[in-house]
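A, B, C and D label the chains in the order they appear, each numbered from 1.
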Amino acid sequence: MAKIDVSVETGDQPAPPPSHPNTCPSCHSHYRDDELERELWVCTQCGHHFPMRARPRIASLADPGSFVEEAADLHSEDPLHFFDLRPYTERLAEAEMKTGLADAMVIGRAAIDGRNTMLAVMDFAFMGGSMGSVVGEKFSRACDLAAETGTPLISVTSSGGARMQEGILALMQLPKTVAAVEDLRDSGQALVSVMAHPTTGGVLASFATLGDVLLAEPNALMSFAGPRVVQEITREKLPDDFGRAEQNVRYGQIDAIVPRPQLRSTLSRLLRLFDAPE
Amino acid sequence: MAKIDVSVETGDQPAPPPSHPNTCPSCHSHYRDDELERELWVCTQCGHHFPMRARPRIASLADPGSFVEEAADLHSEDPLHFFDLRPYTERLAEAEMKTGLADAMVIGRAAIDGRNTMLAVMDFAFMGGSMGSVVGEKFSRACDLAAETGTPLISVTSSGGARMQEGILALMQLPKTVAAVEDLRDSGQALVSVMAHPTTGGVLASFATLGDVLLAEPNALMSFAGPRVVQEITREKLPDDFGRAEQNVRYGQIDAIVPRPQLRSTLSRLLRLFDAPE
Amino acid sequence: MPQSEHELRLRERLGRLKNLSLLGGAKLSGELERLQRQIDRIGEEATDEEIWRKVELARHPERPYTLDYIARLVEDWFELHGDRALGDDGAMIAGLGKFAGRTIAVVGQQKGRDIHERQKRRFGMPNPEGYRKAMHVMELADRHGFPIVTLVDTPGAYPGVVAEQHGQGAAIAASQATMARLTVPTVACVIGEGGSGGAIAIALADRVLMQENAIYSVISPEGCASILWRDAGQAKKAAAAFRPDAIHCLELGVIDDVVPEPKGGAQIDHDMAARLLGEALRDTLGELDGIPGDELRRRRRARFRRLGVYA
Amino acid sequence: MPQSEHELRLRERLGRLKNLSLLGGAKLSGELERLQRQIDRIGEEATDEEIWRKVELARHPERPYTLDYIARLVEDWFELHGDRALGDDGAMIAGLGKFAGRTIAVVGQQKGRDIHERQKRRFGMPNPEGYRKAMHVMELADRHGFPIVTLVDTPGAYPGVVAEQHGQGAAIAASQATMARLTVPTVACVIGEGGSGGAIAIALADRVLMQENAIYSVISPEGCASILWRDAGQAKKAAAAFRPDAIHCLELGVIDDVVPEPKGGAQIDHDMAARLLGEALRDTLGELDGIPGDELRRRRRARFRRLGVYA
């Protein structure tokens, strides 16, 4: 009965990395850093969406100068004194060095086309975007800030699931963020959820799927269990688009797939519809 | 695009009648009237459930002497002056003569094992149990009486659907009964729905499926569209148990199939669970 | 035809409002006009030929469909998809948009125009997934206080094996129940075929309108004819018997107002049809403004609980 | 191991209650006893061997399952079935019954005992239909004011292709959200394996209990080991690293109390295990009596929103 159901990533990369991070894994076009940045990390040849880091994501969505970060200083503790191949504290320090972030989510106030909103944006480069106490707390605070300021909350997720190194407390971030969404909902404010590749495990099974509107980036993996686990347990051949955004649209799970270049205008429209304050 | 979706019965019989009404259509056992009555119109050989009229149904469920009928005198009018092969008024008069009922539903207060409840029981023998203004009004009043007296409501349905002869007003009995169920629900009282063969069309698509608990008799047809219509439109081969209670259990549509001999004790238990007053 | 009970109610309301009209502004005089128009209409009983002409117009392949109206009336339209369980039903449209300066939700059946789209839209006959999508979006609108407009245009719910397995009847009941619980203003308009349970599933609204050439009925004329006379060809006779036209529905109190169409039918001028529909929707939503949510709900239920004729 | 924050909170509450104890009756002294017991337990940290023994006991094939407890503790049990959309999931039980003199709803995963039943129950791993059935019954209970007891016993949600297509992740989220909205008293107890998202889906309760030999974890020891050391055989080492035992969960404030089992484990004496569980459930439900629904909901959300360790 060995099985994993909140799939947990411990590495820092989405998967076996391509030969070079700027080579499109789909059509093998190669890009310079500045080219990719200009194109929002979307392959101009085939439309493949490269992973997008939290800060550039925010820069691509928020009106210039409008973003004010909140709770930037929250850091994980090590409640379990967890040690696998290396101590958890060492992994955290390394991730912080590498990403310049204190954990896998950045939250803050912003405006899009002049309308105020809260943003909660995940960064897969920080320990696979795994959700531990800090992600849970930051997301919860983002809900409260949205409720207090009377603005919608937009979340952009990219996560391998719960952060195993925090044990059962990582699992508790599921009900914690769910409770926060419910408080936000009771305040009358909207949650718009944008799921980028991958949004899996505990993040999919908590706040990410509780949005009033559910959007996904093209080809984003959005499965609760990882393809490998499903394959091992069921011995079934998986469909080609197993767990992908396209499958989720077909099965009625999400509202729309939005290519990254259209994301800003789509969110702007949704902020108008949800009457976000100007 | 000819199609029927609230299936409507105009005849008075469930289907082509068997050679003799007391011959089991399933195993061909033959019964005397008093035998069938004693066995609640269930074939003792194979378990086939014969149609059961409203008054014997009530007698089989209610404590002796406890049933007090309400709104017995409500009669249909003929808002459309509807005339097909015969005038609607003539059909109504004939059905009343044949069944001794003013329309296809009987409602009233009753007790089961000493617990008070409201009953709303349909009779297929009255124009195929079709739902017109009187059925809609009686069911609505049953909801209000249950709310006022603080008792659950038990409905037993058997219906071919909306009564075509009342035109659009027959369709309006769907939202009417739905609104009545919602008022009952807001009063905190339970609705227990027992679906006997057949519960189809407009009755299935309104109050019958809105119960807190959904029960069915074995082999009862519970489809929105009739098998013939589905066959004609889709040209698919229908599964053997198309629309039957057993299929509905398998697909998660109802809570349980309850053979008629166990119905009284099952309802008694549910009245205890829903704290019906003694 | 005796003066109907509905007509009596209308006349009474008209009388009451006329006494108030010295106090009221433009809004009140608009309502007076509307009531007078309704009473006038009730006089104009349609002939059998006219009724059949309406059946044909209601099904006219060039008649504007839900998305045609949305394109003309709704700004910032954002379509929502999926029932969050099984699929996304192309026969049912649901989404958010701006109408008359505020956000509303629009829900409606959608027929297809070309062969490919007709299949995708299943000729406007929703599966349970479609009704569940509608419920999901109506609940979303309710949470956010967005009024809801439903556009009814369906021959009926889809009569399929899988639809039955997934609970077609229960989905239609649940969708009505959802509407009976809403605390936001709701307006339904039958814009083509209002076919039976498949239609009423999204028509339990505070106000129900019908376009001039729409039909609303418990059963299709063909279905009725094939049951009564074992001959679907007798559809015209059946339609004459149960009169699915707007005036008749108004007379019975089933609908609250008739929305005019361009002369000759909505198919002749989509833009004008949309403008006329838009005006009716705006006025009707306006009438519901300011009524508290629980009062809206109470009146909505009472409105439907009144319907029926018995003695 | 430093004194945990949760222990500090417990001590503070104990101190407060002791000052009140002159006023309180039997109920208060019961709670004092319970708090003292919790504090005592937090001292008893389990060794790695003891933790692994608990993993084995939690999965013991003779351990009582949800229906075993229902049979012993609930009168007039009436099982409800189906998600009203797609199917009836044998891995999830839901129904109504009488417990301690009142009607409650019970919801819980169910493992199978023989081969046939194991398949039907999918080893206690629910599909989305199972979670949707749970939500449906919890909402029914909420409408009628019935308290809800959930019994958690699952290796996790079923990781199947169809489960994913039907929205497994969203169903788990929605089930938690449903629980976060309830206004009736809710008590969850982990009675075997509390496996990850599949478990928490039905464990967002006012009070969370764990049986002495149950486990509760973010990932199975085997899953953890195969990720960390690429070797599921290292499960014992993994379990020692994240300690899924009840005492540890109590220490972290994840659960509120530990339910004793018969000596040697619940599998040894089902009747006694049920009696001990029944007492704990009765006491815990008793503590929640009389708290208004919206206050219950507020505190329930606050309870979970506190969880986590950060600086």
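Heads up, the rule we're going with is that a residue touches a chain if its C-beta (ideal position, glycine included) is under 8 Å from a C-beta of that chain, and two chains touch if they have at least 3 such contacts.
Computed from a predicted model, the values in this text were never measured in an experiment.
At the far end from chain A, in terms of centres built from Cα atoms, lies B. When the interfaces A-C and A-D are ranked by how many C-beta pairs touch across them, A-D comes first.
Taking the mean of the C-alpha atoms as each chain's centre, chain B and chain D sit 41 Å apart. Inter-chain centre distance (chain A to chain B, centres taken as mean C-alpha positions): 51 Å. Chain D has its Cα centroid 29 Å from the Cα centroid of chain A. Shared interface positions of chain C, i.e. residues touching 2 or more other chains, are given as 84-86, 166-167, 170, 174. Looking at chain B, one finds that residues 251, 253 touch two or more other chains. Pairs of chains that satisfy the touch definition comprise A-C, A-D, B-C, B-D, C-D. By the touch criterion given at the top, residues 185, 188, 190, 212-213, 249-256, 266, 269-270, 272-275 of chain B touch chain D in their complex. By the touch criterion given at the top, residues 76, 78-89, 96-98, 103, 129, 133, 140, 143-145 of chain C touch chain A in their complex. Residues 84-86, 128, 132, 166-167, 170, 174 of chain C touch chain D in their complex. Residues 1-6, 8, 10, 74-77, 79-80, 82-85, 132-134, 136-137, 140, 162, 164, 166-176, 178-183, 200-202, 204-210, 222-225, 229-230, 233-234, 236, 238-239, 242-243, 247, 251, 253 of chain A are the ones that touch chain D when the two sit in their complex. Chain C meets chain B in the complex at residues 59, 123, 155-157, 159-161, 163-170, 172-174, 176-177, 180-181, 195-201, 203-204, 216-220, 222-224, 226-229, 232, 235, 241-244, 248-249, 252, 254, 300-302, 304-305, 307-311.
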